[in-house]
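To keep things clear, I will list the structure first and then write my remarks on it.
Chain nomenclature is as follows: A, B and C, assigned in order of appearance, with residue numbering initiated at 1 for each chain independently.
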Amino acid sequence: MKLVETHLKRRTILKGGAAALATLSAPAVLRAAEPAPIKVGILQPVTGALAQDGEYGRLGAELAIEDINKAGGIKSLGGAKLQMVFGDARSNPEAGTQEVERMQEEGVVAIVGGFASPICLAASQAASRYDLPYLVDVGVSDQITGRGLKNTFRFAPGFSICTAAAIQNLVRINEAAGKPAKTVVLVHEDGLFGSGLAKLMATELPKHGFEILEQIAVPTPSRDLSNVTLRLRSLNPDLIIPSTYYGETVLLARTMQQQRVRPKAVYAVLNGAASNRRFVAEFPEAAEGVMDCNHWYDPRNEKSKAVQARVEATGKPYNYNIPLNYSSVALLADALERAGAAERGKVIEALNTSTFKDHLMPYGETKFVNGQNTGAAPVSTQVQKGQIKVVYPGVFADAKPMFPANG
Amino acid sequence: MYSPTILIEAMINGLLTGAIYALIALGLTLVYGVLHIINFAHGAILASAMFAVWGLNVLAGIDPYLSILVVTPIFFGLGYGVQRLVIGPAAKGDDGNILLITLGISIFIENALLAGFGSDTRSISSDFSFSVIEAGPFLISSPRLVGFAGSLVVTALLWFIMSRTDAGKAIRAVAKEKLGASLMGIDVGHVYALTFGLGCAALAVAAGLLMPTFYVNPRVGGAFVNIAFTIVVLGGMGSIPGAMIGGLLIGLVESLSGLLLGESLGQIGIFVIFILVLLLKPTGLFGAKA
Amino acid sequence: MRINGYIPIILVTAALAVVPLVSSSNTLFNFMVMSLIITLAAQGWNILGGVAGQTSFGHALFFGVGCYTAAMLQFHFGVNAWVAFFLALLAGAAAGFILGFLSFRAGLRGSYFALITLAFAELMRILANASEWTGGAAGLLLKLDPGLANMQFESRASFLWLALAFVFVGLVISRAIAGSRFGAHLVAVRENEDAARALGVDVLSVKLKAISLSGAMTAAAGVLYVQNFLYIDANIGFGVWISVEALLAPLVGGRGLVLGPLIGTFTLHGLGELTKSFAGRIPGIDLMVFAVVLIGVVAFASGGVLGLLRRFAPRLARRIAV
């Protein structure tokens, strides 16, 4: 793989160099012949409330740009290198749009990132004024791709894809185990994704024979989840479905462990902690057996393993923001490659016809319909012996689901 | 709707949490009572104290409870210094200026923590974090019981300092009549700094008591600031016993309304109380006349 | 009414209005649009908090009422954006009146008033986050449909001029108040409420007028926000951020002065953009620099930017700062 890339690179440079020599026959031109770098806007919230996620997102994008450049840049553009123009969205939509304007002025060919739905909504709309391609990295709101903006693409699954998959996976896992779980309590954050998710779960799960005992909304940030745990203890459900952010999940898992609440399974959906390596490392006992249906990389993908090793070598956890941003940048590079020009209209066209496969996610071929990659789907993971394993669907799984989790 | 066991346990939880709230509100009420300023940096100072406790645990393996002994004097000193060297000279006694400066300090601290520690949410996990005391049908969290006791001790201590020591008398004199006190030879700048230092010290204790069951990130203080304001108002601005009673009451209300209305909407209970107290009895339960 | 007092306002507005003619930088326009929206919110704050001396920590209440009224009327009932705008102004004024009626009648002043405004804003934030009507936590998204009739504009410059027109109206109103009997009453209430009452000023009525006007102006800023971003959720509309912005700007620019909010906002946001250049690999450094500069400004420029001007260019200051 590597060999071929290096070889290609050398050949392209030689070719470009030879052409330059032929026309101008001046050695100094050799360097000038290297095409101007292509500017790519990377927008992430690295300060404010979402700083944690923004940092991982930036890292993923940086690694991708580094790899693409090492492999010879965009070959159809004479090996042009990608150059990152970074913008801090400061965890709010206003700062996000301001950065979009700045990136536009600096002449980026596309923007990748945003992380949170409100930032993605505002930033992609600002970019649409300039027909500037915008690749959403995470933001799951269905509204992002539902507005008919021609410039906006989302490589990752949106909200409805995620929830449909979450329900489907849960039903299949439960059925395969002989339907041990019947009663469910939903614990969700009261923001954009938690409330919508709970509403959907509450209508869908009963169709598959589950009984929803209660839906508990919790604010972000929560100071104390003792009462939630108290109710969980008295309701004693087979299954707890938490969809909350990191801090709240830590509190909930901790308090549940302390109050000895042990449901048959904890099946999180798009949870901030259950597929976060820090959580697993800090609370091995509380995390053990917890399942999550979330963005996750393909554990058997060799390229992903290599990226993971590089990330972990720096002491950082390989959280899903990293492969998602890595893949989104790679997707953009592929579109540039096929567009053969760093022109926005052509890049948008190339994205629309993309069949990109060389990413780190368990998605298969990319296919955009109204800006949403319909090839994308979340997977179900489970913490097993301190490791986060993919347990469903089987084609991507590197472990079997333990369901019920505690025997 | 709920069995009495759950209601009682929820009330116990509310009281245990409320005591920690009270401790956080103590510093705020003290600073308000004496300096008559609303300290916007309160949450950020709490966050930095929590980072200090976390850091001592991770780097030096010091137990969070033991680290209180280290962190408290440091934060007293820091608070003293900040008031003496930054807030006092920069504000020149103007309310608007104080607002801006404490806001500036909070932006500074929050982002310094971000730059220094990164944005990750961190927590301390020890066996004690998960230990419980079984009392009949109730499971009571040991670390929170320790928090409750610690908070009562600190309140009593602070009350003792304020009412029985010379420093406390000076603080009360300045709070009541600044000009008169300075004519009596009391160094008002020193007293202000002392008060601010005590407020920060109370936060440091709260940090040590919180860390075994809570988490820390650069913005964690925000979770506690609104509630601390409510407690200060309910208890009466400037009143130490008021802060404790107010804290326990708010803890109770939050817990019960969370149980009955749902955690999310239950927050409304707190603000309704806040508004009603302000409208009906703005001096709070124990406050002096405004 | 002396036209003289309006000259600085006209000059400043004209200077801002020609920016799109001499520059083509959308980054600059976008920066100015956001700054003008904040300026408008801060102008609302300044009438109540600056001129009348009633410090509010909760102007998000009015901003959010403006945002949501405009957004909900358009979203649920398909009301024309301009009609929605005027109704939002009324809603903002009504919110101000209700808040004022409750709190001023209860005799709340100083920190007590400040805290109750905060409590109301937070209450609304929680409600807006929970209610179906407001789109709950998912917020409301307005349809992108540029056109004058929809109060949406394809070009940043057009929206800049719209926002500037609003700020100009705000400046004129502020200036008119400053030279009026009503303004004198507001100042009397600020300086000494009891003395004002003794002199026959109907304190409650004066305060109610101020808070209603203040509410309407800040609500107008909310409408502009919605028309610009076409999206609103509870944390944007009723979040603490806008309360802080609305109060910070007049304090930095010059509390109670006509041009204070405008100068304050542009100073603060300009500073924010400048310190961004300090942002390196480590996040947060730029905001630390911003905080240090902010504290420095307060320490060395008591009375805000205009206060500083007064010290060093008293004649100029007298001309522009009323």
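Heads up, the rule we're going with is that a residue touches a chain if its C-beta (ideal position, glycine included) is under 8 Å from a C-beta of that chain, and two chains touch if they have at least 3 such contacts.
Computed from a predicted model, the values in this text were never measured in an experiment.
J.: In graph terms, with chains as vertices and touches as edges, which category applies: line, ring, star, complete, or other?
T.: The chain contacts form a complete graph, every chain touching every other.
J.: Taking contacts as defined above, which has more of them, A-B or A-C?
T.: Looking at contacts between chains, A-B has the larger number.
J.: If you take the mean of the Cα atoms for each chain, which one ends up farthest from chain B?
T.: A
J.: So the centre of each chain is just the mean of its C-alpha atoms; given that, what is the distance between chain B and chain C in Å?
T.: Distance between chain centres: 31 Å.
J.: What whole-number Å value describes the gap between the mean CA coordinates of chain A and chain C?
T.: Roughly 37 Å separates the two chain centres.
J.: Please output the residue numbers of chain A that touch at least 2 other chains, ranges allowed.
T.: If we look for residues of chain A contacting two or more partner chains, we find 46-47, 51, 54-55, 190, 217, 219.
J.: Give the residues of chain B touching no fewer than two other chains, as numbers and ranges.
T.: 111, 114, 119, 218, 264-265, 267
J.: Hey, what residues on chain C touch two or more of the other chains?
T.: Residues 126, 129-130, 283-284, 287.
J.: Which of the residues in chain C end up touching chain A in this complex?
T.: 25-27, 29-31, 34, 126, 129-130, 136-139, 141, 143-144, 154, 156, 229-231, 233, 236, 241, 276, 279, 283-284, 286-287
J.: State the interface residues of chain A toward chain C in the complex, per the touch definition above.
T.: So the residues of chain A in touch with chain C come to 46-47, 51, 54-55, 88, 92-94, 97-98, 101-102, 104-105, 118, 121-122, 125-126, 128-129, 141, 143, 147, 149, 190-192, 194-196, 217, 219.
J.: Would you tell me which residues of chain B are touching chain C in their complex?
T.: 32, 36, 38, 86, 89-92, 94-97, 99-101, 103-105, 107-108, 110-115, 119, 218, 226, 229-230, 233, 237, 264-265, 267-268, 271-272, 274-275, 278-280, 282, 290
J.: Across the complex, what residues on chain A touch chain B?
T.: Spelled out, the residues of chain A in touch with chain B are 46-49, 51-52, 54-55, 190, 216-219, 221-228, 230-231, 234, 246-247, 250-251, 254-255, 257-260, 278, 282-283, 285.
J.: Mind pulling up the chain C residues that touch chain B in the complex?
T.: Interface residues on chain C, with respect to chain B: 55, 102-103, 106-112, 114-116, 118-120, 122-123, 126-127, 129-130, 244, 247-248, 251-252, 255, 282-285, 287-288, 290-292, 294-295, 298-299, 302.
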